[in-house]
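Chain lettering (A, B, C and D) follows the sequence in which the chains are written, and residue indices restart at 1 in each chain.
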Amino acid sequence: MDFSVSPRVVELKARARQIIDTHVIPLEPLAAQGWAKVEPKLYEVRKLVREAGLLSPQASKDLGGAGLTFLEHAALSEELGRSGLGHFAFNCQAPDSGNMELLHLFGSDDQKKRFMEPLIRGEIRSCFSMTEPEHAGSNPTWLGTRARLEGGEWVIDGHKWFTSSADGASFAIVMAVTEPDAPPHLRASQIIVPMNTPGLTLVRNVSIMGHEGSGWMSHAELRYENVRVPESNLIGGRGMGFLLAQERLGPGRIHHCMRWIGICERSFDLMCKHVVSRQLSPGKPLALKGPVQEWIAESRAEIDAARLSVMHAAWSIDKHGSKEARDQISAIKFFVAGVMERVVDRAIQAHGALGMTDDLPLAGFYAHERAARIYDGPDEVHKASLAKRILGTYGLTSERK
Amino acid sequence: MDFSVSPRVVELKARARQIIDTHVIPLEPLAAQGWAKVEPKLYEVRKLVREAGLLSPQASKDLGGAGLTFLEHAALSEELGRSGLGHFAFNCQAPDSGNMELLHLFGSDDQKKRFMEPLIRGEIRSCFSMTEPEHAGSNPTWLGTRARLEGGEWVIDGHKWFTSSADGASFAIVMAVTEPDAPPHLRASQIIVPMNTPGLTLVRNVSIMGHEGSGWMSHAELRYENVRVPESNLIGGRGMGFLLAQERLGPGRIHHCMRWIGICERSFDLMCKHVVSRQLSPGKPLALKGPVQEWIAESRAEIDAARLSVMHAAWSIDKHGSKEARDQISAIKFFVAGVMERVVDRAIQAHGALGMTDDLPLAGFYAHERAARIYDGPDEVHKASLAKRILGTYGLTSERK
Amino acid sequence: MDFSVSPRVVELKARARQIIDTHVIPLEPLAAQGWAKVEPKLYEVRKLVREAGLLSPQASKDLGGAGLTFLEHAALSEELGRSGLGHFAFNCQAPDSGNMELLHLFGSDDQKKRFMEPLIRGEIRSCFSMTEPEHAGSNPTWLGTRARLEGGEWVIDGHKWFTSSADGASFAIVMAVTEPDAPPHLRASQIIVPMNTPGLTLVRNVSIMGHEGSGWMSHAELRYENVRVPESNLIGGRGMGFLLAQERLGPGRIHHCMRWIGICERSFDLMCKHVVSRQLSPGKPLALKGPVQEWIAESRAEIDAARLSVMHAAWSIDKHGSKEARDQISAIKFFVAGVMERVVDRAIQAHGALGMTDDLPLAGFYAHERAARIYDGPDEVHKASLAKRILGTYGLTSERK
Amino acid sequence: MDFSVSPRVVELKARARQIIDTHVIPLEPLAAQGWAKVEPKLYEVRKLVREAGLLSPQASKDLGGAGLTFLEHAALSEELGRSGLGHFAFNCQAPDSGNMELLHLFGSDDQKKRFMEPLIRGEIRSCFSMTEPEHAGSNPTWLGTRARLEGGEWVIDGHKWFTSSADGASFAIVMAVTEPDAPPHLRASQIIVPMNTPGLTLVRNVSIMGHEGSGWMSHAELRYENVRVPESNLIGGRGMGFLLAQERLGPGRIHHCMRWIGICERSFDLMCKHVVSRQLSPGKPLALKGPVQEWIAESRAEIDAARLSVMHAAWSIDKHGSKEARDQISAIKFFVAGVMERVVDRAIQAHGALGMTDDLPLAGFYAHERAARIYDGPDEVHKASLAKRILGTYGLTSERK
């Protein structure tokens, strides 16, 4: 093992950090006023990012990205994650980065040209429409949305929510049952639906933790009523929806973990700064208090362990592929989410009432990243599947799991 | 010991629950649209509450309240706490209930008439202006706000925030240093300041967890610049501010704990309902999952232990006074806050993405009651003072604590 | 609710505490040298206890006990639990107290005379032989031990372990399958087997946390090979074994909880004394450290909440019977075990290396009460059954649980 | 970063594992019968280890060791740690490995020849005599033991305990104050005292968690009364005792962490095997239970994160020296101790009553490794010093820490 960080990565991180600190963090207050206010500014930052050679860092160079490995992207992503706007500024934000990857691997030439390329160029936005209010998100094989082929067109009917960033997106990739009689994992397909297709209605941006949000920072409820798109909008083959979703989500999960490390470091840094400067009485900074020192030490140990776990998983994907790394991905999904939750919580507590305010990013991290233990598979699902795979190696037979 | 609940309390709770379920919970979605939308409706509900003989339940009957003991109020308060609007509907909400009590115990006859009585009648609102952005809230003896007596008037200059519910209040009770040369605990005084006094500016409602809020549901930043009020607006005597604040906060803390039990029960109930009805696959409800069952069992045990602790503290106050009960009050302040945090967190996790939405009250509980471990003394302050009092009985001398 | 402690209970506790402090705690070092060393001394203490009117406190007066209610016994038991020898000194130790109760409720007149009465008089010891190495203790319906009726005698064959206190006992109550073809919960019966019956072999005292122990402080592995006892040694009727075990274990569980509160208080007291007296440098006691103060405050809050929960459950049993109180019993079983574990752990940490030594009782509490989360039903079983009963009231049907 | 494990390390681990599984684990039951029973067998195993080229793995080759780097030793150590006897079998056990290192770095040629070389050859044992019953071990600068120079001899008087493995050792390295008037960190010196020196009495092996232990597996209380050794037995210079202790303890701490990973893996493996084979009812293994699966998944994630943290610290020591790595060492000391505690606890709970018995190593891990959070600096001390170093980089000045 060699834990050295390569000069290339050191330099990448420094370049990214400079942009984040100088151009992105100052936009955070604007984002609180609504997506429309901040979006044009972020597109301006993207120009700088493109000039710095870092736009769409995870996409390959021939496609116009920066062609980073997973390990390099993990290192970069920590810098971007320090701001909630960082990934957007570098065009590697969910759900678009997942859609880029999905289309790259499984899209037809025409789909790539029309949908993937403008995404990678950072010109349009997209969304991924899977979760339904009527069904548990933790069972992705059970969906009510149906698509039937009729006269060379897919006719889609269904009800979705938590279609993040649908508001303002150019197209959705929708999961719909096309083979109702197939085994559960082979029933659904993924179909591209331009957002302006008749019959597709954005019912509302679902209010989350007190906010409807808007634009990229929103989670839509959508109705599909007799929505018609060409047969060629199917991604991959019929019945492949679940398998494609797994392919899409695996790397997506590790992208989240990378980003969470950035949230941890930003929160940790704010906590340290505050406790050194905040005085309880003249000359007695909060930093002298034993419980505060414990928060700092525990956070440092946990963040460093979390980072190494994420880096190791990223290295495994580069080396062996995401299928081989799936145990590691499951493990970091819940482990890093837990670390982030504790670090952000301690940072808020260290700030007292100030930590509750939107004068700092901590309250936003706290409220919105509560979902980290839910989205892309709740902790309990990841724990159960990791345990079952491990216990399988001890002889637990699959019919019993 | 006798754990029987008296028929009177059983009946009180039923009467309150009926009003909460029928008239208050249905107003919750309205509250999300801003205080101005819901306030008139809540004043209508107060009429029903008054008819039911339950308005201002903690105030004595001769003052127009319902004259409940602490123990009875604790039982009632759990019912009210099931909705974030419950205490307001019954006119026993913070910060008004604390101000009523403070004026009742220490106000002059004139102060009672002009400020306390309309509060108890539920006609006006008030606020308590203590915390300052420049000083740690956990050290209430260190304040920058100054009041000097000049020509029969107090002239107040200072900067406050987290003056909850200042927006729309009729008056503030402000903590200001009047005796800068006295020992720390004898420096401040409490002075009543009508909100329309020249020089008093509401700078902003501080955005908390993504929201500025409004009206009663807001936390203001205030500037006092050359604010002048009559000398007779002083509550109690000069230099008594800290002592009065302690008197005010002791019962206030237990009021919060009572309310948190209501939040726990509402969350628990939502969790149980959801896991029984939400199916993971046809015929397999979420309730069958082992981790979910653990959340339910642990929550039940913790809530019941928390309730008994609160009831015991309330009984002690009734029996021996709040000074004798201060160890219990410190203990329940952090113990019940912790229970609530865990119960609400489990309820959200059990709901998955739905738990993040404002379609249910859970996200609001999660975001806004994060402050429970901070307001009225952060956990760490309560733990340290409880420990020091205990260790004092083991011989730890005060100069060393 | 009335949390007053009656003068009778105050007096009871004082009387018991005096005996524990003066006569029992000084015997603890002797117990470390083996049961044979301490047993005669404990029988001497029992004489004092009898004179004080407190021997067999839970047994009714006409049987020679002190006739305490559950609530009174809970209060007393906390005092006894401060020493690992306290319950034995007062003749209310497991497993004998459970056997007394079982025989009292379900024994024949002859069984009462020959087995129960000498137990209550504190003259003999007994054991309860249920758990088997080959089967999970958490499923008490699945047993390998068989008893068949042959010529007016039960002929018993089987293998047991964790038959606590078998070493030196006069008789065992053994759970054996007598109706192999009945439904699972109706297969076993309880049969009294004098320990000197031919064919009954004490294979070993199982070494637990480094110790085989001896006498009352041991956990035996037993073989039953062609063991013959009279038909009349059956307790209750054929196939009632599981039901009787439930009856026996319900109150047994709460007895443990009562005792654990005593362990908590002893540990808490040792911790407070130590941190006040142990100096980190001259004049700087350990008690000044913030994390230590947090341990003390959290322990105080948790112990008090645990005590109230136990008292409430005891009161419910007195008032409504143990069946009605079973949810409470399940809840306190795991809740109080958790509190005890944390309190003992903090007390050890506060003592540093000294806490690991047998110069104090903490290490013994830590090692041996680790089993508190396992014996009489592991935490997970209690949580699952509590949750299922709660979810049943929300409509979860029994076939699905 | 490159997480590949080198072929050399893969081979090293395999070689060690084979010896541990075949020759060491089978000796565990013998160790329970006392050190005298197992010691000769372990010396036989050492012959095999020497033949395998792995004896004294951390010592340099020219001294007769295997010359492993820290990183290689960390990898090896995990294999050895799977048994409590593993490190002894390979002659890298505490306290001897620390003493070897100390003498290697700071011993005189004569000291090396007489004391270090036979240690490295695995012929004798030693001990390190620092902790005193009268003073908090967490403040190593405050000692009562005194040594004065008199006629070319050190005359030592004092009282120590937790001098691990003194029973049967050839010599002790004792920390004694030689410069009482120097600043606290410069008062003590380290002096070699052969155990057979007149005036040195082994008062007792302190009973720990129910056991006095013996030989290498014991923790002695020692009296030094007018103990005289030659002036040349001083290690390093006068007043260097504290600094040498720090040098000795830094690597010692990471050695413990490496070993704990082995304990984790052994416990994890036992847990997985048990839950797959233990049936709750016919055909229903314990492994199907949700909470059990959570224990397995959480343990896997935590152990892997802990291992990476230990490896990273070992790599840093190899690369930058132990002083540069001290933050990492502090962090892993408490982080890995916590992971081990949770993993062992879960493994016991998964085994039920069996987990409490000495039929498996889990109970021994649980009882004896409770000290992991205490020895070589309690968690609280490591957290405080890590936090202070971090906060120092944020400007917290040293006089305030």
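What we mean here is this: a contact is a pair of C-beta atoms (placed from the backbone, for glycine too) under 8 Å apart; a residue touches a chain by one contact, two chains touch by 3 or more.
This structure is a prediction, so every number in the text was calculated from the model and none was measured.
S.K.: Taking contacts as defined above, which has more of them, B-D or A-D?
M.R.: A-D
S.K.: In terms of CA centroid distance, which chain is the most far removed from chain B?
M.R.: Between chain B and every other chain, the largest centroid distance is to D.
S.K.: Are the two sides of the chain A and chain B contact the same residues or different ones, given that same means over half of the numbers occur on both copies?
M.R.: Same: when the shared numbers are divided by all numbers used, the fraction is over half.
S.K.: Using the average of all C-alpha atoms in each chain as its centre, how far is it in Å between chain B and chain D?
M.R.: Each chain's C-alpha centroid was found; their separation is 51 Å.
S.K.: Taking each chain's centre as the mean position of its Cα atoms, how many Å separate chain A from chain B?
M.R.: The mean C-alpha positions of chain A and chain B differ by 37 Å.
S.K.: Measuring centre to centre with CA averages, how many angstrom lie between chain A and chain D?
M.R.: The mean C-alpha positions of chain A and chain D differ by 43 Å.
S.K.: On chain B, where are the residues touching two or more other chains?
M.R.: 289-294, 380, 383
S.K.: What residues on chain B touch chain C, complex-wise?
M.R.: By the definition above, chain B touches chain C via 1-6, 71, 272-273, 275-276, 283-285, 287-288, 290, 292-294, 296-298, 300-302, 304-306, 308-309, 311-312, 315-316, 319, 327-328, 330-332, 334-335, 380, 382-384, 386-388, 390-391, 394-396, 400-401.
S.K.: Would you tell me which residues of chain A are touching chain C in their complex?
M.R.: Within the complex, chain A contacts chain C at residues 289-294.
S.K.: Using the touch rule from the top, collect the residues of chain B that touch chain A in their complex.
M.R.: Residues 32, 131, 133, 136-139, 141-142, 161-162, 184, 206-211, 278-282, 286, 289, 291-292, 348-349, 352-359, 363-364, 366-367, 370-371, 373-375, 378-380, 383 of chain B touch chain A in their complex.
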